[in-house]
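Heads up, the next two complexes both have chain A, just with different partners, chain B and then chain C.
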Partner chain A sequence: MSGITRWIALWLCAIVLITNSGIAQERTAVKQGFELSANSGKKILLIRPKVSVGEQSTGGLFEPNADWTDKARKNLDAALFKKQGALGNTVLVSPEAYGDQALVSEEYTNLFGAVASAVVNYQFFVGNRLPTKKRDNKAGVFDWSLGEGVRNIPGAQGADYALFIYNKDAYGSTGRKLLQIAAALGPGLAVKSGEHLGYAGLVDLKTGELLWLNADAAMGGDVREIDGAEKRVGQLLEEFPGSVEAVEKAKQP
Partner chain B sequence: MKKLITALIATVIASVPVSAAPKSKVVAAPTPPPYTGVYQPQGVDEIGLWREDDERERALTNSPLVIRDEALNAYVKSVLCKTVGSDRCNTVRLYILRVPLFNASMSPNGTMRVFSGLLLRTRSEAELGAVLGHEFGHFENRHTLQQFKSARSGTDLLSWAALLASMSGTRQSYQNFDSIRLSVYGGLARFERNQEREADLLGLGYLNNGPLRPHAASRVWRNLILEVEASSAARGLRKPNFNGVSFFASHPPDGERVNYLYALAAPDGEGRDDGTGRHEAALKPWITAFLDDQVSLNDFGASEFLINSLAESGWTADLWRARGDLFRARGNPRDLMNAADFYAKSVAMNSELAEAHRGLGLSLIKTGRQVEGRTALERYLQLQPTASDASMIAMTIASSEGK
Partner chain C sequence: MTAVIRNTWVLTALCLATVASGAVHANAYREKDKISKIANSSMTVTPPRDWNRLTIKPGKYAEVWTLDGEQLNDVTFYGGVEPGTPLLRERNKKRDPLPKFTTTTLLVEVPELLEGTYRAHKKIGSFTLTNTQPGQFLGRDGVHFTYDYTDQDDLPRKGEARAVLIDKKLYMVTFDAPRLHYFNRTLSDFRTLADAAKIAK
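Moving on, here comes the complex of A and B:
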């Protein structure tokens, strides 16, 4: 396999990030008419989050770190339960699945990833909107679905919604930080050190509709620490339907 | 200051090829090192790569591409064990993927992926073992980790060089940066080619020490060359160069591999067992499906070559049927005449083969032999009344009667 070519491609992406560090933006959308009142006691099925934590090398490659990834997974899980309990909803962990059931679960995790990146690319990214997703055409359009097959996800029978979470953190290495400083002081170039990408989405387990999506390419909170993970989950679930922020926002005229 | 920076860049250039290119020349197939027991990753980079790989493997186990036929899996595993020895092969998790391409891979944590296209292209246990042994060599020598480290130091260097070049800002410094960039990219590609050579030799080392015939390794690549030649000949393209190394090539040229794998195969291994019969028997239940996947690639020359080489041990109804499909898919009137002929041979060998009757009927109707065509299609519906295209075929029969 041509691994080296892949690394070079990754590096070129990193170079692009250096020059376009301004595009990182946060976006949230809720399906029109969807409301989840606080303390409604809904059951939310948490699909095993995709978590990956590591360092960013001087050249911008991702250097995976197993210890940090483990810590982050543990901290994020704990923070999620805490946060959801406070909102009055129950978080259920998706059960261990075998055979065909496991295939279904994996397929929907991948489908969610594809749909979420389509939302980010073709709706959240203003310059690239599909004609049908333009706010100019229809006010507040947020119409995406995974299809009714979501009912077959293992654990879907006993839950109302499924929560998908993706989290990738690359902390700038010492070399990367030195490069950043040198580039700023010398030729005055902006080099981005570190990458903190996350998105979270809520899917209706009866209809398959995507109810809420939050994507953020510059997240705060150090997921390797308990406090940091709580802050991160707070940002991931920002404007989560039924949360205090969303309720207050809705009250505004 | 600028002169200093330019001098610095020049020093950096001088140091690049040394850092990026380790030993290269092929000397002898080494005897495999003694087995040291179950390996566990060491250091933050390797542990990190393994963890990422564990996640990928978790997803792979649930992939619809994986062929879960236990008999086929047990067979491929047994070939790996014969090649690398049972102590080494026990820890390998093997996944056969239904992908009609010539490839296999082994990732850092010991996940082996074997594409179905490889199984279609190997003719014996020894040939399959040669490729599996090569992939195992990548794993045993931890090539992904080395590759990651070399890519990291290469790109680190380039980042600093880019910074220095833009600080200096002279025409000369940008030219120097371009040279560094080319030599880093070239160095990384050469590093990867050398890893492939190393894995080739290690794979051959396993074969030399095992029960299978080591000369089969060279044959795998010779067959691949013949297939690529057939593929380009069918498209009227110039014959590819099998000996030149292109700048970004990730693998050594096939011609070189054929030569050194043949030269370094243990001479006393010539008389050893190839396992051709066992290989054929193990693949028999799958060969039709793999052939269909290959035909749908729309690579006429390569598919025709593969069908013909499978037929070297005797034509079967299935092979004639696949060849008919291949010609009918291209669909020129001359192809349909040939296809009808091939389907007829298939039906003559096995009158119960529904797909052959279907292909025969459709080819005949298109070449104007309506009556015979209808008979063949009716026979197809008789054999497979619940086929997914049954109503469409019935309509074809009806409309050809109307003419």
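Moving on, here comes the complex of A and C:
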């Protein structure tokens, strides 16, 4: 009897924890007043995506894997190239940059990752919001920025918006998976194995304001495989403003 | 009811209660012009503007204040670090020990203590102290210093700090933010906040 009761209690805990973790998952936000229609004549600069793939150690640390990252980068680049035509507006691929110019672009991509992470943690995750932003949140204000320095990104002069993509995949190691099973069967703790973060964001290249963000802390698709990378890109650019998909969705009653 | 069943239901109830209340994640409001005690120490601050204090404490004597999230602007107060203890909580005392503040630590060595702490805690290779000079903190003679580093997210950050030793304890405030946009945007807010910090006599 005590065994059954214990199992019921642990399952209840697990269900609650899983349900609660879902709060921080996929969300999309648009800056108030921002609209981008298809074929608007606006130009979107596609910034080289940040891709890091590795393993999550038993202790939960991220251990990068150069081979996986290289494969994922190629797969994601190809998937993005295929998807460009469906985005509804002209997409310019960021020019090949060298030295300091390349570093500027990379640093802004990392800043985008930090801003997106703050949005996910402190705006999308309702229970964790910052008290000073409560009024904004009640009014549905989405006000985040990368700063006006985005104008210095190579290729920014010929475009209106920049599309940033940030991907981090940590596949659970064998040790981590065993820990997950042992923790669930033993003390009934919910240990997460693997992390699949993905952020896509559209930024105004004149003001640096974040206009649209799609963020998911549990993305699907194995980016090390061609099909998986296509699925990932599809998820990242779901409902991208002005895209074929967004236009079709808007037409639905 | 056996002890096992009772304990299990208590665990479940606690689990449900904490999740339902959101108390685990609730960050605190630090309202403009209202005095606030720092990390249960004798240090207080009356913020000249509204701030948020994050619920997650990085160490026994530390607390984090922010405007947009610690990724974008992180003000960490260290309220009376006792000799023999590290600035931040050690993840693993044996495998990943952090440098300790000791009775022999001199004020001029505090910037290096922070550097060693960041290198070990954040597991970063790049950290440069850019300036160290005498300056006031909590109305006493202390040290002001600045630094640069690249965090684990590969984003270069800048930092500015003030520290002082009072009654063999370390009191310090640090400000860290990405060098792009966020550091300059929040620097004057940090300085006025640091100016507003006081210690009970």
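Observations on the structure shown:
By definition in this document, the second predicted complex is superposed on the first by the 174 of 253 C-alpha atoms of A that agree within 3 Å, B and C clash if a C-alpha of one lies under 4 Å from a C-alpha of the other, contacts with A are read in each partner's own complex, and residues count from 1 in each chain.
The rule is simple: contacts are C-beta pairs under 8 Å (C-beta built on N, C-alpha and C of every residue); 3 or more make two chains touch, one makes a residue touch a chain.
For clarity, every value in this text was computed on a predicted model and none was experimentally measured.
Of the two partner chains, chain C is the only one that A:117 touches; chain B does not reach it. With both structures placed on the common chain, the touch criterion links A:33 to neither chain B nor chain C. Shared-chain residue A:145: touches chain C; no touch with chain B. By the touch criterion stated above, A:189 is placed in contact with chain B alone, chain C being left untouched.
Of the two partner chains placed around the shared chain by superposition, chain C is the only one that A:132 touches, whereas chain B remains out of contact. Look at A:107: by the touch rule set out above, it reaches both chain B and chain C.
In the superposed pair of complexes, A:208 makes contact with chain C only, with no contact to chain B. Within chain A, the residues touching chain B in one complex and chain C in the other are 2, 5, 106-107, 110. The residues of chain A lying in touch with chain B in their complex are 1-5, 7-8, 11, 14, 50, 52, 54, 57-61, 63-67, 69-70, 102-103, 105-107, 110, 175, 179, 182-183, 186-187, 189. Of all residues in chain C, those touching chain A in their complex are 2, 4-5, 8-9, 11-12, 15-16, 19, 22, 24-29, 50-52, 66-69, 71-72, 153-156, 178, 180-182, 185.
Residues of chain B touching chain A in their complex: 44-45, 47-52, 55, 59, 61-64, 103, 105, 144, 147-148, 150-152, 154-160, 163, 166-167, 169, 185, 188-189, 191-192, 248, 250. Listed in rising order, the residues of chain A touching chain C in the complex are 2, 5-6, 9-10, 12-13, 16-17, 20, 106-108, 110-111, 113-115, 117-118, 121-122, 125-132, 144-147, 149, 188, 208.
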